[in-house]
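Labels run A, B, C, D, E and F following the written order; every chain starts at residue 1.
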Amino acid sequence: MPNTNNKTNKSAKAAGKTILAKASKDVPMLRAIKGGKAAPPKPGPAKPAVKPPPVAVADDVPVIALNLVPAKLSPAMAAYFKKCQVKLGFVPNVLLAYAFDVAKLETFVAMYNDLMLGDSGLSKLEREMIAVAVSSQNRCYYCLTAHGAAVRQYSANPLLGEHLVMNYRVARLNKRQRAMLDFAVKLTASPWSVEEGDRERLRRVGFTDRHIWVISAVAGFFNMPNRAAPATDMRPNTAYHGQAR
Amino acid sequence: MPNTNNKTNKSAKAAGKTILAKASKDVPMLRAIKGGKAAPPKPGPAKPAVKPPPVAVADDVPVIALNLVPAKLSPAMAAYFKKCQVKLGFVPNVLLAYAFDVAKLETFVAMYNDLMLGDSGLSKLEREMIAVAVSSQNRCYYCLTAHGAAVRQYSANPLLGEHLVMNYRVARLNKRQRAMLDFAVKLTASPWSVEEGDRERLRRVGFTDRHIWVISAVAGFFNMPNRAAPATDMRPNTAYHGQAR
Amino acid sequence: MPNTNNKTNKSAKAAGKTILAKASKDVPMLRAIKGGKAAPPKPGPAKPAVKPPPVAVADDVPVIALNLVPAKLSPAMAAYFKKCQVKLGFVPNVLLAYAFDVAKLETFVAMYNDLMLGDSGLSKLEREMIAVAVSSQNRCYYCLTAHGAAVRQYSANPLLGEHLVMNYRVARLNKRQRAMLDFAVKLTASPWSVEEGDRERLRRVGFTDRHIWVISAVAGFFNMPNRAAPATDMRPNTAYHGQAR
Amino acid sequence: MPNTNNKTNKSAKAAGKTILAKASKDVPMLRAIKGGKAAPPKPGPAKPAVKPPPVAVADDVPVIALNLVPAKLSPAMAAYFKKCQVKLGFVPNVLLAYAFDVAKLETFVAMYNDLMLGDSGLSKLEREMIAVAVSSQNRCYYCLTAHGAAVRQYSANPLLGEHLVMNYRVARLNKRQRAMLDFAVKLTASPWSVEEGDRERLRRVGFTDRHIWVISAVAGFFNMPNRAAPATDMRPNTAYHGQAR
Amino acid sequence: MPNTNNKTNKSAKAAGKTILAKASKDVPMLRAIKGGKAAPPKPGPAKPAVKPPPVAVADDVPVIALNLVPAKLSPAMAAYFKKCQVKLGFVPNVLLAYAFDVAKLETFVAMYNDLMLGDSGLSKLEREMIAVAVSSQNRCYYCLTAHGAAVRQYSANPLLGEHLVMNYRVARLNKRQRAMLDFAVKLTASPWSVEEGDRERLRRVGFTDRHIWVISAVAGFFNMPNRAAPATDMRPNTAYHGQAR
Amino acid sequence: MPNTNNKTNKSAKAAGKTILAKASKDVPMLRAIKGGKAAPPKPGPAKPAVKPPPVAVADDVPVIALNLVPAKLSPAMAAYFKKCQVKLGFVPNVLLAYAFDVAKLETFVAMYNDLMLGDSGLSKLEREMIAVAVSSQNRCYYCLTAHGAAVRQYSANPLLGEHLVMNYRVARLNKRQRAMLDFAVKLTASPWSVEEGDRERLRRVGFTDRHIWVISAVAGFFNMPNRAAPATDMRPNTAYHGQAR
């Protein structure tokens, strides 16, 4: 997911530049979005190993397991991709995945940015915490990787990201944050069972009705990519894994 | 959900006009979006009953259980609400629910309309069938009601809507449709377990990779309102229940 | 299920008369109970459609997916079927399904009528509410259709039927009714976990021990047809779908 | 459950006689059906223990946790109870539990006896095997005890009863019996998922459509007492535990 | 599991002697541990039956479904097996199963004996109760049989063993024992959900932190053989079934 | 868990030395094992943050949430702890947790080392892969952290560790490894359902019966600490999180 605040390490940035070089020609950049299983392993950032590793190193090639023809980006989206490249060092793979259809890409970016980066009663960190707790319930590789990194960055607490990826109940949260995540995870696991009592529990720790909307919207939203990602075997950018450890 | 193709019965249309009248003043229209439990039952379209019914008749007042202050609609959204009113006889409650924040309303409408009404390898009916099968898995009252009505209308087969609401496995579908719903429901219930074999099953009944994206996107999308609706006790417009029976 | 209080629409009544005409010859009436998948679609009550509907219209032919030879009805059962025809406009398909074996039919009718129509501390509506909430937990097409119609009729509140079919938690019930359905659904979903505390919750809202027996018996009972119906692909009479909307 | 073929050990028979003595006076026999938790432990068939056992010995007093006033038995039911006493050495507690309402008792006995003891394509043992496998899925103490004993007796294989109580998959069954239990347990655990393919699997191992009805009916039936028993804390006669070990 | 306190019936003892005779030659004793399905049924302790029983009588031959070559026992283990033979009348099959590798056998015996028989704040009966409740949650044939027998013996209450095998909630336990089993079963079914509140519930009924460790360790431990047993189709010694009834 | 092959970074080693210094005095080392929630945050390896982090940094103080008095280590265990300190830079917290009772510590270490480090048909990496896949199913923070680090190290493939922590199905494994993990995870999630067909699937990809024992034993084993860890809120050494990224 496009998180425009972070710093990436050099090797990812270098790889990013190559992608962007292609991106200026628009279509070739998206060559990465192609089906097939036998993606040629490219030399990745893994440490030297005396014996060959048992699995492929290039984890995110192709980006998804569907063979989709990339579309020509609109000026707005081309600019947005460039901005991602500059700020993050890469274009988040979810955007590359959507780029076969600019209209879909734009509606996704619009909703995502309003929800996760826009003004809101919840901090960006809190929204990312919900993203990870929900994605852990759904065991979503893409979202756990991308948003786990975001939690590590925003919180300046690498372990918090690990806690939320593995089991949010082990994180030492305050009552407000715990209630927020309990609500989000219950809503994810058994949405039919959420009722007034659950909203009351949020109000009791200080959330307003507007906050409850935001918590619900963020929890609800991640249930969408938590399906789209496994449905297409969407792979997160490898750079996320090493960020903010 | 805004389905701009359908015909509504007279009483719903009449009620709709009243709402629209208020809508022209923008804010008052949204007075319906208010919290509290003791909503005064207004005379609804229910049949005359000799003995008083055991539960309130006005099922969708308030629209949600959160007390949110309605925003002033943008011209685009005001026009869109008017169009809903004319074509459907009412503004779908999900739009009224989102109308406390125009930016959120617009991103929702944009994504929804592109996904469900835009050009696609899947028919509108097929997309609505996915919506209902997914919403049945999640037992979502709002979506089952609104999209169950849409399936009844698009298919001219009232029973198909009932089948998908209750248990899609009882519908007598062709292999293509059945594979499509099996994928969507598995993706909803255990997203972590969806893999290449599942995509292969779709390809085997004739779906292209582009179709698979659409099926995944629609199934994924409804997992979002399937959370937002119970999280806020969002109530579907009463008019849906009687449509296309 | 035999609900002898309701009024059916004309087309269903007409279809019913045809069945009854055959029923007087006893065996032919049951010709509908035959296996095979290629049931010839008969012109049903669906609206005229310009393009052919994607699925078969005659939803309840055959009544079950087992090829069973119908038995000669006993005089008592023949009279009962006639009474159903007169009062309901049709013989409920569950009775046709059982009619391959008169002894089984009679024990089923005896237990059903005592439980659902006999004198009891619970109203007929309350018992039907339990039937639908339990059948929703089990996603039983037959029972949701037949008993959903009964709830709509008895309550003179069409939406209550929809609520219970989709998710009983969205119905605006009083405490007594809610406790009753919570007990019935828990008993259905995880019977091993029901204990004294659950009975105490019923007593606290005013139920006597005799009421608890009835709630338990009705909830327990519907777990039986909730298995027999999917096991045999039992189809509800099409007329139910349109009743009391 | 009334299994009229078995032989009981002496101590149970002696206890049985006492009950029957009271039973001839009809009402007092049913004094056992009373609520409350502090049942006075009567000297049971347990072995002498040097230190007092940690839990009450009289496991089935009261028979259920509801305080119901026993009814006067009809002549037919009084005769039936007497027959149970003679053949089994005791009246099965499920009958005592139902005896607060003779109409309910009679419909239960009629359905049970037709289903489990009547002429059928399945042997009595096979029907009891289904009863136990279903009751194990539902973890029903009453039915596992009563029908586990019946499987031990009918099969002359005490271990088969234990296998079915604990996990039917460990029993070394032939293909026919295994398919039968797989169907019954799937129908119990996720009835919504049973379809034509499941019926086909039964046909492939030699079951006719009539057999499929019986398997479905028995599996469905036990889902009823599997709810009524925990709902009322119904306790099986202690004598069952020691039978046919 | 090696429970060195019990008395076995004569036939089991006789069979045991034969095994021990072979055991003195070390390797032949373990001939029982061999794969394949067609184990020749040996005359077992089942009652004479006029018609052949539907399943094989020799339930525990072979001990596991893996073809493993038995190892030469160490002097310590040979002595331990001899002690089992003398005290129990047989060597528990789990030990025979492990005996293909003496190191694994020894670590298993060491951990087991420390945990279940060593000095501890919990009685041996309480530890066996946990073993059975956990094994019931996991439906483990081996452990339910061996430890169900142990509960019957230690408690001098045959029914308590049955309760814990079938559904521990039906046992009439004191608050301390009930809390202990609730904790153990929750820990088994959803370990990720166990938190400080659960520990507090144990403390509230009088358990110390040391007790909590023991409860956790015993519950955790049985989750191990509860996997190893079904993974290898490990069969309990037939003698257990009849013990302490 | 004691993995004696790895290299740790300097800061962890430094911290380790401090602990070892205390460890030479035996008892004080274990002061960390104490209950209570308000562990004072010590300055950890986290990056400097301009604003205070929202949760405590010292994630593994105390090691467990039980107040247990540490025991005097046996010479063997004191030597083992020293070896851990030298090779790993720290003593794994699970060992500190067990150190309140030397007998338990020794049986745990003996079983663990034989199983995970001893000679076996499976590589150490394969056994660690099973450990992580099982622990992910159980959402065990301790084991995911400690063994996720081990997978990253042994495989020289940091992403493989992430895959197995989040959802092993996204790892690009060969057929042998995939079958191995499918077996281990099924055995963990529904042990009762594992049967001969599952073993056959392992044999088909080349595993011998001895391998099947090892896979079963490792999968079974981790179901034990997967319970003991949440039961006691056992916290993994912070150093693991940063290893082999």
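A few remarks follow.
Everything below uses one rule, namely that contacts are C-beta pairs under 8 Å (C-beta built on N, C-alpha and C of every residue); 3 or more make two chains touch, one makes a residue touch a chain.
All of these numbers come straight from a predicted model, not from anything done at the bench.
The minimal number of chain-to-chain contact steps leading from chain A to chain D is 2. Residues touching across the chain E-chain F interface largely coincide between the two copies, over half of the numbers being common to both. Annotation: A-F is the more contact-rich of the chain pairs D-F and A-F, by number of C-beta pairs in contact. Distance between chain B and chain F, defined via averaged C-alpha coordinates, is recorded as 47 Å. Chain geometry summary: the mean Cα position of chain A and that of chain B are 27 Å apart. Shared interface positions of chain E, defined as residues touching 2 or more other chains, are 139-140, 167, 192-193, 195, 230, 233.
According to the touch criterion at the top of this document, the contacting chain pairs are A-B, A-C, A-E, A-F, B-C, B-D, B-F, C-D, C-E, D-E, D-F, E-F. Residues of chain F that touch chain A in their complex: 46-47, 49, 51, 53-57, 59, 125, 136, 139-141, 144-145, 155-160, 162-163, 165-167, 170-174, 177, 230, 233, 235, 238, 241-242, 244-245. Those residues of chain C whose C-beta lies close enough to touch chain D in the complex are 35, 37, 65-68, 100, 103-104, 106-108, 110-111, 114-115, 118, 138-140, 183, 187-188, 191-196, 198-199, 209-210, 212-213, 215-217, 219-221, 223-233. Every residue of chain F that touches chain B in the complex is listed here, in rising order: 167, 169.
The part of chain C that touches chain E in the complex is made up of residues 192-193, 195.
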